[in-house]
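Structure first, commentary second.
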Amino acid sequence: MKSGGKLERILESGVFAVTAELGPPKGPNLEVVQTKMGLLTGVCDAINITDNQTAIVRLSSVAACALLAQKGLEPVMQMTCRDRNRLAIQADLFGAVALGVRNLLCLTGDHQCFGNHPTAKNVYDMDSIQLIQMVKRMRDESLTQGGDPVDGPMPLFIGGAANPFGDPFEFRVIRLAKKVAAGVDFIQTQCIFDLPRFKEFMVRVVDRGLHEKVHILAGVMPLKSAGAARYINNNVAGIKVPDEIVKRMEGAGRGKKAQAEGLKLCAEIIQEVRQMPGVHGVHIMAVEWEEAIAQITEQAGLLPRPTI
Amino acid sequence: MTEGNKIVLLGCAHSAGEVVADLAARGLALPAHVEWVSVPCGSTIDELLMLRAFESGAGQVMVLACYNGACRSVDGSLWAEKRARAARALLEEAGIAGWRLQFCNIAPNMAADLPQWIEEFREPVVAEESK
Amino acid sequence: MSQRVPVEKKVMVLGDTPEAGRVAHDLLGLGYLVHWVSFEDTPIRTSFANSARDNQSREAELAKLADARLAFYGDCNLVALEGDVGQFTARLRRDGEMLSLDAAALVVATGNERYYPAERYKLSLSSNVLTVSQIQRQLDAVRGAGAALPHRHERILVMLDLGGETARETATETLRLAIRLREEWRGEVYAFYQNLKVDTPGYERLTREMREKGVVFCRYAEPQITVDEKGIAVAYVEGTVRGELLVLPEAVRPREGTAELAALLRVRVGEDGYFQDINIHHYRPGLSVRKGIYFAGRCHLDVAGDEALSDAALAAANIDALLGEGFLEPEAVIAHVDSYKCIRCLTCIRTCPHAAVELADYQAVTDGDGLPVRSAVTAARVVDLACRGCGACLANCPVRAIELVGQQLPAWMLAKDNPQEISQP
Amino acid sequence: MIVAKRKPLPEIAANLQSTRKLLIVGCNTCVAICLAGGEKEVAVMGSALHLALRNTNPAIVITQRSIERQCEEEFNAPLAEEIAAHDVVLSMACGVGVQTLAEQFPSAIVYPALNTAFMGRPEERGIWSERCAGCGNCVLDKFGGVCPIARCSKNLLNGPCGGSEQGKCEVDPKNIDCAWQLIYDRLSRIGQLDRLLEVEPPKDWSTSRHGGPRKIVREDMVL
């Protein structure tokens, strides 16, 4: 065992894993975290805590993860390279591990121009692959990036992201292989709407044998409306929502009806990706819609979650 | 002519120049407060020429170039228009209202139009003076 | 102050087309030396013969080919064009060897390219759906054999246009073909049109002739053509005509490589992909943005055969107007670069619409005793003869190193410092 | 070359409200080539300031000069008397030129007229784009001659990120090419794609600005 955490145990046992995303509040309001924790308890195996997601300042992922760990839940701490240099990242990792965090998702991070502090100076001292490599060395060799010994064990299950929809497509699987070479243990992908392209991606992943070296969790997102589908398609680089999905959402009407269709669609996508070789779980990103997770997992037949 | 009342016409010899010559031939000289400056083409007109026209005492500057597609040097009228836009932005930065610089496309046979344009261009200034 | 520069009456003609032949023919008649360069290996001689005026025999034209004043260069690649009006040097590659040709002026007469616009027509060719050229070849083959043609088709349907405008060249050909089909195949001929290009020279005469010969004209609003085993049906505003053969005009487009050739010659290509920008009065008669480079015929205009030849004649006349006196002189207003102020930023070279500015090595200047006055320098230089005096270079020069010689401007504009101080006594 | 852009006129004029004699000094090297601070722009600035100050400081006297390279003391030296005779010097050079004047003429008040932006090249007339970030440790050999430090919005050494779409960067898809698409295309063209299989280790930033202000000493040129 690398981390001894629940997510690692579930994935190693071969159970189809479910992770979900929890966005911390834009302030120190812990009640929000607690409410969302309640919505996610029992419906997933681990909870990702975002790190200043889309470059918008929020309660820190270290603090929220510590709270989750305290309450006996399984946090996946997201860590971007945008806001911290290698010193700050390592310091936060020491703190997180000390407070019970066992899973880390290593990200490059959205550019600050998309967030609420576009005039900020970014850091990008390292990129996500270098971050993975650094954490692996901290865990396995007990050395900091600078080469000093780490005082105490660093049992972390190391995650990374993959975007099968970005360009150049041919390079996407190669880049995943680089993450595997750097030491990643699990992958959570960008939101999948374009199933044929994801399928092609997974075929290439399996061809290279990467699925035997890393656990791939397919990223999914419930759509609230046709407008949301169009917005994502037009404004989020690296996510494509195919026309037929937009049409299907349009056909579902508005409000609750559209939301119900979005949940149904999400559950269907989960069932589709579950059939694909090499997919070991799903990661559900219901942005500011955490109550959706229970319904999606229910509809997708993923409940109850095992107790390992 | 009083300081600030002067209008400088900065124009291409091939179109505006013909118009001015045509007017003169008909005995219709430009008003005394109008200074005509002929350049070989709209391409010659840059921010500096326009700013200096104001600096030399003009209260208004009218830039005249051929119609697009009628410029002997292909892009001269487009250049003049873009430069006028840039000069207007610079004038605004300097605290001079942008409308004081006007760009017009003109053809050699438009002698009937130019005096009217000048009149209309002057209107706000005349209104200001009569207050 | 006379700045006359003697020029040789030597012209290069580019292209293997009848209009290129016409330019060459006319220039030879005016006593010019002609280099005729083709980029293809097709026999350039045919073009020359085809360009013959009606009243001159092909034989007499061919005899001219022996004229020492005309030199052919077939199957060449233009690698570079150096120099300017009065003194162009073309670098050509032929059979792997480099070749340099001088000329005082240059005519581009490369023509256009034919194609079958399958996407626009939404019809594929078959044994009973043929292009005008395909039918022409059949007719010519029979005519060449001197045999009478068997009566093959009861009813022939000819589209004069389809899915948009037809080029004048192919439109005229289609009318001529309709007449031939009436005369030689003696079938019923129906001509369908949406918009007749009545402003095309000779079009009216041809349509009248068609009517006289019994071609039936049918106007259609929306093209509705059905092709099946039973034959072909074309719907028009008053009904539907069925027939056995459908004839379609071909379309034309800019020749492949037009943009590349334009870049080499430093001339422009319009939005339609043909040579030349649309410019109402100066560029329509085949003048390029560069002095000494002309366009003739279908490489820059939508013209039918005869009109292409008259455009070529116009190009030859334009060249004679430029070079006929045997000398060139600069225009009254031209730009001049102060080579010692120039910072070689290349802006003027990139800006000049007439490609009249180049980077040049200025020689050192010495005084009467051989002592240096100014050292050698590399800087922008305006080619006097190529400059049209527009002043675009001057307006863009970041160090005010360019002036317009011959242009009167108020002192307040030219002042090096600010005018307030200048005007102060 | 160094690419710069004129500051907004009000920002420049704000410093000149009580100036009696102003000397504008242009630089005829990089900033002239990028059409920001050569003799022509100096003349435009002179006129624009006259107009901008015509109500608040009409008596201002503006002298215009342009010199070869403002970052060299030798080229600036002939201006010594004129600089002494003016209240304010408005430098239309890059930040290096401004500081050279300030260093060379310690009692002169020197203000910048330009915002110095980047090291780049003209893509075409009137369009300049960044090519080098001066990191002090060139990696162009590894990336097919396309710099990920200067040209990737996140300076990724193991890119591309998920925001690369159809060759464009999500930060500004209209204007920014994805450097990693360019790197991928170039390496593929020259048959060196295998270079991208290696994980590129974290960069040593000590040679860049992050190591503090830099200085290069070429010992054999110094006595």
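Chains: A, B, C and D, in written order; residue numbering restarts at 1 for each.
Just so we're on the same page, a residue touches a chain if its C-beta (ideal position, glycine included) is under 8 Å from a C-beta of that chain, and two chains touch if they have at least 3 such contacts.
Please read all numbers here as calculations on a predicted model, not as lab measurements.
Engineer: Out of A-D and B-D, which chain pair has the most contact pairs?
Structural biologist: A-D
Engineer: Taking all protein C-alpha atoms shown, work out their mean, then name the chain whose own C-alpha mean is nearest to it.
Structural biologist: Chain nearest the overall C-alpha centroid, as shown: D.
Engineer: Between subunit A and subunit D, tell me the centre distance in angstrom, where each centre is the average of that chain's C-alpha atoms.
Structural biologist: Centre separation, subunit A to subunit D: 40 Å.
Engineer: As a quick test, compute the distance in whole Å between the mean CA positions of subunit A and subunit B.
Structural biologist: 62
Engineer: Need the CA-centroid distance for the pair subunit B / subunit D, whole Å please.
Structural biologist: Comparing mean C-alpha positions, subunit D is 36 Å from subunit B.
Engineer: Once you find the CA centre of subunit A and the CA centre of subunit C, what distance in Å lies between them?
Structural biologist: A distance of 61 Å separates the two centres.
Engineer: Which residues belonging to subunit A are in contact with no fewer than two other chains?
Structural biologist: Correct list: empty.
Engineer: So which bits of subunit B are touching at least two other chains?
Structural biologist: As it turns out, subunit B has residues touching two or more other chains at 48, 52, 55.
Engineer: Among the residues of subunit D, which are close enough to touch at least two other chains?
Structural biologist: Within subunit D, the residues that touch at least two other chains are 40, 43, 47, 50.
Engineer: Throw together a list of every chain pair that touches.
Structural biologist: Those chain pairs which touch are A-D, B-C, B-D, C-D.
Engineer: Of all residues in subunit D, which touch subunit C in the complex?
Structural biologist: 28-29, 32-33, 35, 38-41, 43, 46-47, 50, 61-64, 66, 124-125
Engineer: Which subunit C residues qualify as touching subunit B in the complex?
Structural biologist: Going by the criterion above, the answer is residues 268, 277-283, 289, 333, 353-354, 388-392, 394-396, 404, 407-410, 412-413, 415, 418-420, 423.
Engineer: Quick one: in the complex, what on subunit D touches subunit A?
Structural biologist: Touch residues, subunit D against subunit A: 153-168, 170-173, 178, 180-181, 184-185, 196-197, 199-202, 205.
Engineer: Would you pull the subunit D residues touching subunit B in the complex into a rising list?
Structural biologist: 8-10, 13, 40, 43-44, 47-52, 55
Engineer: Which of the residues in subunit C end up touching subunit D in this complex?
Structural biologist: For this pair, the touching residues of subunit C are 341, 343, 345, 347, 350-351, 396-400, 416-421.
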